[in-house]
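A, B, C, D and E are the chain letters, set down in written order, and residue numbers restart from 1 in every chain.
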Amino acid sequence: MLDVVNLRHTYGEGPNAHQALGGIDLKVAEGELVCVVGPSGCGKSTLLRSIAGLIQPTEGQIRIRDTTVAETPGDLAVVFQDYSRSLFPWMSVGDNVALPLRQRGQDRAARRQAAAEALEAVGLPSAAGKYPWELSGGMQQRVAIARALAYRPSLLLMDEPFGSVDAQTREDLEDLVLSVRRHHRMTILLITHDIDESVYVGDRVVVLTKSPARVAGELAVDLPSPRDQIATRQLPAFVRLRAEVGRLVRDKQQHSEA
Amino acid sequence: MLDVVNLRHTYGEGPNAHQALGGIDLKVAEGELVCVVGPSGCGKSTLLRSIAGLIQPTEGQIRIRDTTVAETPGDLAVVFQDYSRSLFPWMSVGDNVALPLRQRGQDRAARRQAAAEALEAVGLPSAAGKYPWELSGGMQQRVAIARALAYRPSLLLMDEPFGSVDAQTREDLEDLVLSVRRHHRMTILLITHDIDESVYVGDRVVVLTKSPARVAGELAVDLPSPRDQIATRQLPAFVRLRAEVGRLVRDKQQHSEA
Amino acid sequence: GSNTTSTSSTGGGSGLEKTEISVAVSAIADHSAIYIAQERGFFKEEGLTVKPEITPSTIATLPKLLNGSLDIAAIAYFGVIHAQEEKTGDFRVVADAYQAKENIFEIVVPKDSKIQDVKGLEGKRVSIASLGSIGQLAVGASLKTAGLDPNKSVNWVPLPFPAAPAALQSGSIDAAWLTEPFLTNVQKESGARVIADTMTGSMADFPIAGWVGTAEWAKKYPKTMAAFQRAILKGQQIASSDRKAVEKVLPNYTQIKPDVAAVMNLGTFPTSLSAARIQRVADLMLEYGFLKGKFDVAPLLVPLPQ
Amino acid sequence: MVRGVVGAAGLLAVAEALGRSGLVDPVLLPPISTVLAAAFQLVVNPEFLADISGTLTVWGGGLLVAVLIAAPLGVLLGTLPAAELAVRPLIEFLRPIPSVVLIPLVTLLMPWDHGIKGTVVVYAAVWPVLINTMYGLRDVDPVAKDTLRSFGFGELAILRRVSLPSAAPFVFTGVRVATAIALIVTISAELLAGGADGIGAFMIRAQSGLRTDIMLAATVWTGILGFAANAVLVRAHRWAFRWHVTKAGGA
Amino acid sequence: MTVTTVTDLHDGAGPSPASANGTVRHGLGSVIRRVWLVPIVIIAWELGTRQAESPFFPPPSRILVHMHELWFSGPASALYLTEEASANFLPSIGRLFSGWALACILGIVLGIALGRSRTLFDYVNPIFEFARAIPPPALIPLFIIIFKIGTPMQLATIVYTVIWPILINTIDGARYLDSLHSETAQVFRLSRAQRFFRIILPAAAPKIFAGMRVSLSMAVILMVVSELVGALNGIGYLIQAKQQTLDLAGMWGGMVLLGLLGYVLNGTFLFVERHVLSWHRQARQTN
């Protein structure tokens, strides 16, 4: 499905140049959910933006279903790290969620219905009529998630999507993503800082080194599906995997740096 | 030090009115570090903004050192949840951090020195010359923290300050806050979603109910100081407290709602 | 512009109250006497330094005279009399400047127009340089002669002379009242046809413009005024007798091409100032409703020095 | 740059073709090549150079005064609601009065040729700067302001450190609009009020001889002046507001 | 505090007593706060002009009487307008509106195209920058040749001049669209039309409105300027005629009329703007 080959990206030029990606190789199979973890500022968002065709990598290649990504590929959704700026303040929450569905050729009623369902699923059943700036940070983040899920993309990119919500909601959202993926066969790339989370939701965890990012190591997560917040997390395999990812992360960085 | 009495706040008017705070009572002693946890959208940021004098509560009182807060009290620093919008894009990172120090009457060299130290402390020793939009999300968040810490306020309010950084950096920052508090006797109110974190850094944990927020319960954290990321977290008392906070949070909310 | 503060010094030897004066003229042949006088040193002989300034309209000139930033201006009598009656200011004519002759103010129509004579103008759009001016009076007189009502029979379009030829050719207007050099130009370049000379009959030899200052100025600087009068009179004299002299100074302040200058018609450059002659302007203005009552021009005229 | 030249060349070619097509009388509207040739000759015409310098004086001076009045006033009104409220009816009443109509009145009050035109220019150029400043101050991110406020900065410091920098690009856009308006009004005032020098006064002379080519050549120079001024301002904008341009990523 | 500052600023923005959400919450006090300066200025004007006794500066009382005589003493059937008034006011206002509307449409469409396409911008920008600097009075002869005297030429003059503030502001607004907004639109592959109507236009709307507001007053000015030369009727034609015939009180009357017209137009505009941009205003004052 997704094939990233020797991806490099350098911001700026001359003495101020900063290499963010130092040659990344990554393959994601159809229907797979891959979690990416790595120190702050290592280049995760840069990787995601490159895959989404929002920045032109300096070197290397990205292929989606064997066609090289030149501009933003179709049938893609992104949950940005800076979710509050990615919502449109001039539209109601419902309209924000429904907007991309126009691409799907759905009629007004269907769009509204789908938006309402997505908002309900993220725990915001009565927010549709409000404006983004009337919501709390965590609620805005959930709107961004609802927008991406309602779109039912075949490839979903999420950049720390659960960073601003409480533990309970976070667990609910993790399960929501898992269930949506199961029912609609999405391929998902999820960036997270939470090692537990990466093991719980991922089929595979990719650990990046500090800037410039390279792949420090990969770990297949061979936990049974469907997963369960209590049962899965108590499995010895879960505990072992978690420790392994933790070690990979720690070994490869002494200190994250600007 | 800080005394919040029966605080209520309602956004908007008429049929669209939304009550965010439903009568909050809260006391924070001089030098104490209180963690506030609660479901997403319950009213934590609203509480923090009221204390900072940025919104006028509809009802109730806030007293700092026995004077009622009418406008923003002096000697206060805030780390906003929306950190990326609270950095000034037209200033370099160093200037962003140094700016509030003008309030302290420090001269140019001292300000620059203090900013450099604060940036070093949050793990961004070489970011001073960059602009905020050249940094990753987590790095921006750390700049906002550095700015608040460099200011050395007597009251520090932090709204989910570690939400966008990786686990390792998060631990470093938690310890940084603890050590700064110890050396400079700050009073700190910290909003977080991470129950472990609230127990690890807090002297006390206050749990809020879902919207409209009320105090669901309080827990004094009687763990020894100074704390240690590995040793403290392995103490049976830590495990017990964590479970108790978790229970409080879970009991009081079935589902967070808009 | 002129600088009033530095000009109040008394001139050397000649005893003038003021040796440097600003004079406004239009960029047309009518006011060429001042450039002739300038070129031949007549002002210098009188101890005067004259700074000419180009002005586009009467309304732009009057305030400058009134606040002293101009000393003298060449202004149409029509405007002076009107301003005097409206009490806009108290003005004095110090010398005559220009007088109409046949073939210098005419009504033209496009080459292929159906309009043959003044009668044919009824209901048409006729351009004049500005409303409430000599143009409206002149065309009005022609209309009246042709038996039409000057106030109702045509649509007046105020259009500066330079813009009129284009408007005429594009069909925006049906006829234009023009003066030289536009008249010669438009006939030569686009074959426009003259249907009437407006300076005939009651308008024959009509006084057009004079050299004007304010009463206050005339009282304050009598010697300067006399010096100006003497010099400009010599200029008027040469202009009236030597056509080549006029042609020669035109490039100093206009962009009239030499070939046009050589063939265009010129009016008269009077060398005397006659109340009887100028009274005709006031009388005709009254007749055509441009004045509210009888107006005597004599008090406005300053006798010429001998 | 190359593209700009290509675009301009394309337009010139079309204009030239139209001019030669015989659709319009070449005396009334000379072909563009004739106009450009005339414009080129004007460079060495000392009289015209004096006129240009007159125009530059009025234009630059008027613009400077306008910005010096409008920007502080805009900031003042943008931050003092009570004053803004009281002054607004007057502003809105005065704004739509054409400055060129005021020429005779200004002339009466001001015995100084450049002063007259300058006043008229100031009157016209003040509004875009004033309005853009007020709009810009309104458009400041509240989180940014709250940040400084929480550090105990006063309203004045917030104005200086947040509101002004973040409104600055907006104010600058107003200055750019005002620059063009000021040039237009300068020339218009010279055309309508005459005077000793100025491109407009030169145009009056050209008109008198029905020299459309010279008249349009002078118009071309006006365009060149405006173009050059704008180019300088755009550069200054890019340089001064790098953060604004980069953050928003341009197009 | 900001919150109140912004509220007052907007509430004071127009003549309408209703706030954006439709509730009337302004008492007498707020009206007084808004208009107290006006009578003071008028009285000062009256006293000053009486003192000066210049024919060029008639006192406002005389201007008003004269305006009444000239324009507002007509029969009731003609809404009290005299013949001169109805023959000149209506055509002027018609040209004003159509010229401004045309400029808005052209300016916004072109501005967004130029703001979003670097290539297009590079090609045409020099031409525009050049054209922008050319004064309309210098172009009127050209327009007379191309459009003929009358309404088309006057419209051309108005559009030519008032389009620039709209164009520049729209280009600015469209170009400096928050990068994350355009990226979001890109990621969800919104169509061109959707991007235009749902993202770019609303995001640039605050700036576009600022430009439209500047050009509305400019349109009043240009309406007058376009009627100074080669016009058959209009308010500018009237002012010009009054000036040329030295009816200076009449000329002042024309200017007062323009001021009132501009004031009413601006107030109406702000009223509309407040409704259209209510999201912007609220997003900027809450949070």
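Keep this in mind: a contact is a pair of C-beta atoms (placed from the backbone, for glycine too) under 8 Å apart; a residue touches a chain by one contact, two chains touch by 3 or more.
According to UniProt, the chain labels map to these proteins: A, B = ABC transporter ATP-binding protein; D, E = ABC transporter permease.
These figures come from a predicted structure and were not determined experimentally.
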Shared touch partners for chain B + chain E (ABC transporter permease) come out as A, D
Since chain A and chain B are copies of the same chain sequence, what is the angle of the rotation superposing the Cα atoms of one on the other, rounded to the nearest 5°?
180
Farthest from chain B by Cα centre, which chain is it? Let me know.
C
Quick one: point me to the chain whose Cα centre is farthest from that of chain A.
C
Which pairing of chains gives the most C-beta pairs in contact?
D-E
Separation of the C-alpha centres, chain A versus chain D (ABC transporter permease), in whole Å, is 49
If you average the CA atoms of chain C and of chain E (ABC transporter permease), how many Å lie between those two points?
39
Centre to centre, by mean C-alpha position, how many angstrom separate chain B and chain C?
83
Just curious, how far off is chain E (ABC transporter permease) from chain D (ABC transporter permease) if you go by their C-alpha centres, in Å?
17
Residues touching two or more other chains, restricted to chain E (ABC transporter permease): which are they?
56, 141, 145, 178, 243, 286-287
Do you know which chain D (ABC transporter permease) residues sit against two or more other chains?
28-29, 104-105, 108, 141, 143, 149, 191-192, 215, 244, 247
The positions of chain B in contact with two or more other chains are 11, 82, 85
The chain A residues in contact with chain E (ABC transporter permease) across the complex are 49, 52-54, 72, 74, 76-78, 80, 82, 85-86, 88-91, 99-100, 102-103, 131-134, 151
Which residues of chain E (ABC transporter permease) touch chain D (ABC transporter permease) in the complex?
2, 4-6, 8-9, 12-13, 33-38, 41, 54, 56-57, 115-119, 121-127, 129-139, 141-142, 145, 161, 164-165, 168-169, 172, 174-179, 182, 206-207, 210, 213-214, 217-218, 220-221, 224-225, 228, 236, 239, 243, 251, 254-255, 258-263, 265-267, 284-287
Chain C residues touching chain E (ABC transporter permease) - in the complex, by the definition given at the top
57-59, 63, 66, 82-83, 86-89, 125, 127, 130-133, 155, 157-160, 162-163, 166-167, 169-173
Please give the residue numbers of chain D (ABC transporter permease) that touch chain E (ABC transporter permease) in the complex, ascending.
1, 3-8, 11, 24, 28-29, 78-79, 81-82, 84-90, 92-101, 104-105, 108, 124, 127-128, 131-132, 135, 138-143, 145, 149, 169-170, 173, 176-177, 180-181, 183-188, 191-192, 200, 203, 212, 215-216, 218-219, 222-227, 229-231, 244-245, 247-251
As the complex stands, chain C meets chain D (ABC transporter permease) at residues 1-4, 24, 26-28, 51, 53-57, 59-64, 66-69, 160-162, 165-166, 169, 181-182, 185, 189-190, 253-257, 260
